[in-house]
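First chain written, first letter: the chains are A, B, C, D, E, F and G, and each begins at residue 1.
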Amino acid sequence: MTIGLEHYLAVGAMLFCIGLYGVLTKRNAVAVLMGIELMLNSVNINLVAFNRFVAPADFVGQLFAVFVIVVAAAEVAVGLALVISIYRLRDSIHVDDLNLLKW
Amino acid sequence: MPNDDILLRIGASLRELFAGVLPGPDAVDVAMYFVALIACVALIFTNAVILILAERKVAGFMQSRLGPHRLGPYGMFQTVADVIKLLTKEDYRPQGVDKWVWAMAPVVLFVPPVMVYAVLPFGKNLVPVDLNIGIFYFVAVSSVATIAFLMAGWGSNNKYSVIGGMRAVAQMVSYEIPLVFSILGVVMLTGSLQTSVIVEKQSGIWFILLQPVAFVIYLIAAAAETNRMPFDLVEGESEIIAGPFTEYSGMRWAMFFLAEYASLFAVSAIASTLFLGGWHGPSFLPGWVWFLGKTYVMIFVFMWVRWTFPRLRVDQLMALCWKYLIPVSLANILITGIGIFAYRAMGG
Amino acid sequence: MSNEAVYGIMFYLVSAVVLLSAVAAVTLRNLIHAALFLAISFVSVAGIYVLLHADFLAAVQVLIYGGAIPVLIAFGVMLTRTPGAAGSNPVNTKTYIWGLGITGALFAVIMLSLLKSKFAMQGLISKEPSIEGLARLMLGDFLIPFEFAAILLLAAMIGAIILARGGEAK
Amino acid sequence: MRTQTYELNMGPQHPSTHGVLRVILELDGETVIRAKPVVGYLHRGIEKICESKSYPQVLPYADRLDYLHSMGNALGLCQTVEKLMGVEVPERAEYIRVIMAELSRIASHQIFLGSLVGECGALTGFVFAIRDRERILDLFDMACGARMTFHYIRYGGVVQDLPEGWVEACRKFLDDFDGMMETYRNLLVGNEILQARLKGIAVLSAERALAMSASGGVLRASGVNYDVRKAEPYGIYNRFDFDVPLGTVGDSWDRMMVRLGEMEQAARIVRQALDQMPEGPVMAKVPKLIKPPPGEIYHHVENSKGDLGYYLVSDGSPKPYRLHVRRPAFVNLQLLDELCRGYLLADVVPILGTLDPVLGEVDC
Amino acid sequence: MTDFVNFALYHAWLIPALPFLAFVLIVFGLRRHEKAAAATAISLTGISFLLALGVAGAVFSRPELVEKPLVYSARWFSMAGLSVEMGCLIDGTSAMMLFVVTLISTLVMIYSTGYMHGDEGFTRFFAYLSLFAASMLGLVIATNFLQLFVFWELVGLCSYLLIGYYYYKVSAREAAKKAFMTTRVGDFGLLVGIVLIQTFLGTMDFVELSGKLPAFAKEAPVLLTTIGFLVFIGPIGKSGQFPLHVWLPDAMEGPSPVSALIHAATMVVAGVYLVARAFTMFSVAPEAQHFVAYLGGFTAFFAASIALTQREMKRILAYSTISQLGYMIMALGVGSLTASMFHLMTHAYFKALMFLAAGSALHALHGKADIFEMGGLYRKMPWTAAFMVIGAIAIAGIPPFAGFWSKDEILVMTKLHGFTGLYYLASVTAFMTAFYMFRMVFTAFFGKENPENHPHESPVSMLVPMGVLAVLSVVGGLVGAPFVAKGFGYWVRYGAYHHPEFHADVAGISVLLALLGIALAWTIYGAKKVAAKDLAAKAGFLYTLSYNKYYIDELFQWINRVFADGTGKILYWVDLYIVDGIVNGLARLTAFAGERFRYVQNGQVQHYALVFFASVVFIILLSGLLGVTTAGVQSGGVAG
Amino acid sequence: MSENLFAKLTEHQLSDLAGLGCQLDGEGACLLTVPAERLLAVMKMLRDDVASSMNYLGDITAVDRGEAGFEIIYQLFSVTRGVKATVKVKVPKDKPEVPSVVSLWPGADWMEREAYDLMGVTFAGHPELKRILLDEDFAGHPLRKDFRMQPRE
Amino acid sequence: MLKEYFGVLLFAGVAAIIPLAVFAVSYLLSTKKDTPEKGLAYECGMDTRGETWVQFKSGYFLYALIFVVFDVETVFLYPWAVKFGQLGLFAFVEMLIFIAILLIGYWYAWKEQVFRWK
């Protein structure tokens, strides 16, 4: 049995769902961010897998993965800064204590 | 393949041996990786023993005293005795530590330096695993070591450890940047990340002459990365006892030391690869002797510095990195780029 | 053992590490343990990249996700600590059931559509080292995204500094 | 951010607290909010013990106060008792006493210097200082056979005359001493890192130093010219020509430099004493049973830590009715809190080092 | 000559480009060089004016352009199903607009060299003015809705910058914000309308649209009407129609030249121009068109009634602008593009003139705005007073001044197209216009001097532009007079050409009313035969209402407050009584559902994420059921 | 030196001190015996007066005189003028309390605490009068003559 | 290429096994005598007061933050440096722009005194 694109996509899907589970069910905002990072990683797996199996001659998929990593780094930086600033204001990092979007 | 190099001859004969036993060339290659690995591990352990003794002797020399001299000739067996002592020391786990995090920290700290050995170009055709992203691999792998300090700091259930761990991480991540940037200058010159290629390109001129600034930055940053004096705030024994290592004893504590010496050797070896021409040298000695020689010279420089300078304070440490090393290393990249263009323009 | 079988074993091994540690990262009650498992998962993803012949990307993954982002997360955890590490990562009981359900459902539909899909695949592997290919693309066709990445990082850096300093400026 | 502050213990079992000092640090991140010294771990009740001992039995306890400057302590106590009894000490003994006290001062400052830079991480500096100190200990060893608690200076003089060759050995040491000082200055004073670690740290103003009853190098580093040897010359100190090194800023760096200067001045005094020292007896006629007349007296001397005072109350019996020791290190240690505040955790140890406490003396 | 005309025609894009170039030059090179900046702005805008003349000449020489506009464009961007172009659309209307805008802009810039002399932000001001002119010109030559919208927004941005020019004044900041926010409301409607147009008609190009619209009107009349309404919301905001007119009077916080530019040539007429451009659409959507007519008429009357009692000179002018814009919009609504555009042009002349004159007066009085504190200015400022009188006569509609011809045209058209009610309303408005204008003139420029004031005549640089405008205000209307063959209406029209006829009854009544208004103003304010106070007291309620602008601002504030707090309260109330009431009355299952629904807007990100991903699942399932499985991937995936 | 101060005090402040009811006792050192209630005033005078300017507090200690009560002895110096003085306060055995001089010389803090700790003299107005050398729960004050050592068990 | 990385994996695996093996040996050789005092967290001989998991100031976080940005920058710098010889002046200028943009952030951080330890 050869390992093909589908296998990698399946791994990506699983990782995505694991990350999503974390995002949806954790109370700690840092944990939610961690879930998001997992989801971004799963996207990268998909990108690289497609790159490898569908268009191996070029590196567009890998380049996009690099860009996703950039975005992920920026996201985690700003996200954590937000969490810290919210923690400073509210003394809590539990997302269910935060309803800033409510007005 | 030069026949006079004993290591290469051993390698060739081993390869023949494996070829007779194992199916296919791939399996032989993998077996050869394993051989190289065994050699590296042996090197790490002997090195640790030698370097600990050397460090004490160097310290003694710097401080006009003898250093260990009781066990064996010139105290050569002192380290052996220490190892035996450490092995038989009680291996206890303080209460309240985060068991797994605490226990795995020395392991995690030990892995990155060992992995770095895979790309060290000990000699022509003597690279354990000659990756084509070799130097970047070194950068990437060694960055993982920070996690070990985090784990040790976190897991120990001790305030000194937490402070030390945080300091370690802040310091190591900060100095990683000038380290990486200083390597970049060399990469621009060679156009390759492969360590063997980098050494090969220095057959004419050593890069320390073309990249003196990068070399100095590399030295400082490497000292900080390996938490050597004057950047050993992590341990900073006068304030925070032994930092993240406070709660470790016996062999676990020794493992930190082993890792420290392994990475000391690794960064020195990378320094000689990048700047000192690696295995190049007059041909009356085999290449790997040159390489090891240069590496030990680098190690001696590190030791020399260690026994000369006081420790920096944490804010001064950070200021040195962020306000001096990083701008200078960036400028070095810029100047290197311009220099290359100028060289080309002059018809080089 | 054929090379293909080794490849298969490696794939399953790496995938298992990635997925299991990811599961640990989202289920463990101790946030520190979760963060460490997250780091393991990230680093193992590099293994998947290697299997996909993206060696430079694998090193990048180790560099960024092994050395940088866990550090950031660790500092985030340290700065926003809650008393007692053991229960630092509780589950949001209000969303738990739905979250589980939706996650499962999403997984199911993704797998279903995956099964139904057909892909036009090419087996060959580029001879160009990936790092050079990336450089070529990055400074060529994708110049604008490349420079935008710098702007994004700049914005993130400044924004995060402002946010994180906040009350300390005085 | 409203970071919670936390407490961190430094000591009593800590590599760099000069013994069993405990400092409770309240930290905000790494910034010191409060540094509360807790003393008493080495309290032996010397003052109480002395009340039940005869005067000759009391003398060894003085050696054990500031064990790095035993000679000076003993000198102070002997002079106190002699003053109360009205004993005249022979000339030669006076010179020997001064020589011993000043050599002891150098040795004590070497420990200070070595431990200060050693705590800053320059272990080589520490080793150098300790190595050179051995030379002085050798001299003491020659004179009295002990290397730490000498019991050499006694009521009425010193226990025995200097052995043959001692003066020459001492001169030899003094000749080498200039080289040692040269080394210290080269290794330490010119060191950028050390300067960065000490300059501008823990500045103590002259007014504050006076108000806090600081003494010794701590006081003089702030620019206050107060040295008991000059202010109230005891013994024969008024016969020597020496300077009192003063600081200008009052920071840790000045405290180190003042002590470096004091070492040089001490060597200068020793040289003069060796030159001037007459022949003669080294012990006055003192009764076997020492019974000072009833009365009370306060006598103080300048030892390496500062202003060491003895308050002796005698009821005419062979045992002191009350003996109080004013320990300079104890009083100086009060400053730790205010000097540390606002500095970093890493500064605490050098600041403590420049206060130069010896816990044997602090705790008494 | 022909060469130049052709060059102008085919390089009309230069007309907005040149002021924009001026803007760039000033911002990036001439920040510190006042004279150079002014010279650059004026000269480049002046060249634009010459080119606009050339374009006009081209239209005169090629009458077919009126029926079949010249369009040339370049691809701006394109994506699947949408290709957007940028270019120039030249017909009579746009040529006229180009002429007016460049003319007024140039004159205002010349005037500003005197008016803004010594101001700190002198170069900044000219940069803004240039950008403003460029944006408006870009809007005028727009070939499609999107290009128009882009420039529309740029115009809005510039107006924001210019109104808030004195940003250190709180009132200026507030006014700028108000202008920006209020017009944003309109823009949103416009944007939605544009999107709908693209969605349902598949194009945003004006020419293409006019071809497609009649058929579409038959297919989906209701939809078209809706689109018409939405698109019209834009002009309501931009052109200050009721009830979004509130920003316009405040916009006088900007420097007077800016007011002149905004009120006369750029900003506000953009809305009128938009309706003109989309005239095809309104002509096939009668409901929307009638709405336009009635709203315009009402606004004209409503604003005039406010202007009756205002005390600040620029504020009176501002309300008169709103009123006149109402005329224009009404004219469009009754179906006469010609009349509207004609009035737009004449109004640009005399309103610019009046604002500049007002600016001149305020300049001399150092910003004293209340007309009752002025008095007798004509002695010290004869030229300014003369210009103001000319402007007032023109706006009052006394023949043969420019305003008479255009207003008469509107009244005639209104009456002819059967909007009798509107005709009467407009006539009354004309009376009121004459009254309040001369109230201002008599009070401010004649009568007793205020001894506190020491006015002096403005410099030549300010007087010359006013002089040019004064001449145009007098004779500018003759181009559209009925006795001119192939006059204004021939060149600027929609549909077939109808020669305007002189209706003596309409003209007579309007002139009579205007004269009556002037006479009344003279009685009260000139000769002071009747005390104004008594009248105010008698009118009482009406006076207060008018003076306080019908409390529209207060209403908005109230709405704002009520909506911000009240919506929450209402939702809470709904939640508490209705939702829970139902819930309590139903079974537990429903209670559970209600509980879940409450989460939909509980502000918690995780719940939003839950809903989001649940929807994703749902959509995938849906598409899976419909059999559209990842078709994109099948055809080859990510191409290399 | 001490005579110097004595002379100066006689010139400037002797009458004042006499008025306060202090005795001047010139046996080798300038010794002022001050009643407890006058202590702060005298100390302040000694510190601030130009003639004496006793800006340096050398030592504080206490002596148990048995039935005669306690003596608290202060050693004062003037760094600027080079004079010194000893101030003695006598307090009764049953109520050993003197005002604290921390307000005049902050450096008196630990010295007073030590005297309190070991001798049981209370310094009224001291900011933190707690044991310093001994344990918080130590019973008695060891330097008192009636203190009996507990044999270690 | 995969073969080489198999070698790397070998290195990693053995590197992880070595310490564990050493611990095992040590465990076999060592003496074991547990006393309660041994297990106490070291705090200079005193009992630990308060939470050992001390909280930190955001200064550390800011360093890590800027580090991450620079770290990501290196991801772009290395391919560029490798290709540098073949890419020519234009690529050099592109990278200069890239670095310059990030230097704005660096300058901002400097100006905001992020690099000054508090």
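Definition applied: contacts are C-beta pairs under 8 Å (C-beta built on N, C-alpha and C of every residue); 3 or more make two chains touch, one makes a residue touch a chain.
The structure displayed is predicted, hence computed values, not measured ones.
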item: Touch-network distance, subunit A to subunit C, counted in steps; value: 1
item: Between subunit B and subunit D, the fewest steps along chains that touch one another; value: 1
item: Farthest chain (mean CA position) relative to subunit B; value: E
item: A-E against B-C, pair bridged by the larger set of C-beta contacts; value: B-C
item: Centre-most chain [mean C-alpha coordinates]; value: G
item: Centre distance in Å when subunit A and subunit D are each reduced to the mean of their C-alpha atoms; value: 64
item: Averaged-CA centre spacing for the pair subunit F and subunit E, given as whole angstrom; value: 91
item: Separation of subunit D from subunit F, taking each centre as the mean of its C-alpha atoms, in whole Å; value: 25
item: Cα-centroid distance, subunit C relative to subunit E, in whole angstrom; value: 53
item: Residues within subunit E bordering two or more other chains; value: 606, 610, 613, 636-637
item: Sequence positions of subunit B contacting 2 or more other chains; value: 26, 131-132, 136-137, 139, 143, 154, 159-160, 163, 166, 169, 173, 176, 193, 241, 314-315
item: Residues of subunit G touching subunit C in the complex; value: 1-2, 5-6, 9, 51, 53, 55-58, 60-62, 64-69, 71-76, 78-80, 82-83, 87, 90-91, 94-95, 97-99, 101-102, 104-105, 108-109, 112, 114, 118
item: Subunit B to subunit C touching residues, read off their complex; value: 26, 98, 100-101, 131-133, 136-137, 139-141, 143-144, 146-147, 150-151, 154, 166, 169, 173, 176, 193
item: Residue numbers on subunit B that touch subunit G, as the complex places them; value: 26, 29-30, 33-34, 36-37, 40-41, 86-97, 106-107, 110-111, 114-115, 117-118, 128-132, 136-137, 139, 143, 154, 156-160, 162-163, 166, 169-170, 173-174, 176-177, 180-181, 184, 187-188, 191-193, 241, 246-247, 250-252, 254-255, 314-315, 318-319, 322-323, 326, 330, 333-334, 337, 340-341
item: Residues of subunit A that touch subunit G when the two form their complex; value: 66, 69-70, 73, 76-77, 80-81, 84
item: Residue ranges of subunit C touching subunit A (in the complex, touch as defined); value: 4, 7-8, 11, 15, 18-19, 22-23, 25-26, 31, 34-35, 38, 41-42, 45, 48-49, 51-54, 56-57, 60-61, 64-65, 68-69, 72-73, 75-77, 79-80, 82, 88-92, 94-96, 98-100, 102-104, 106-107, 110-111, 114, 119-126, 128, 130, 133-134, 136-138, 142, 145, 149, 152-153, 155-157, 159-161, 163-164, 166-167
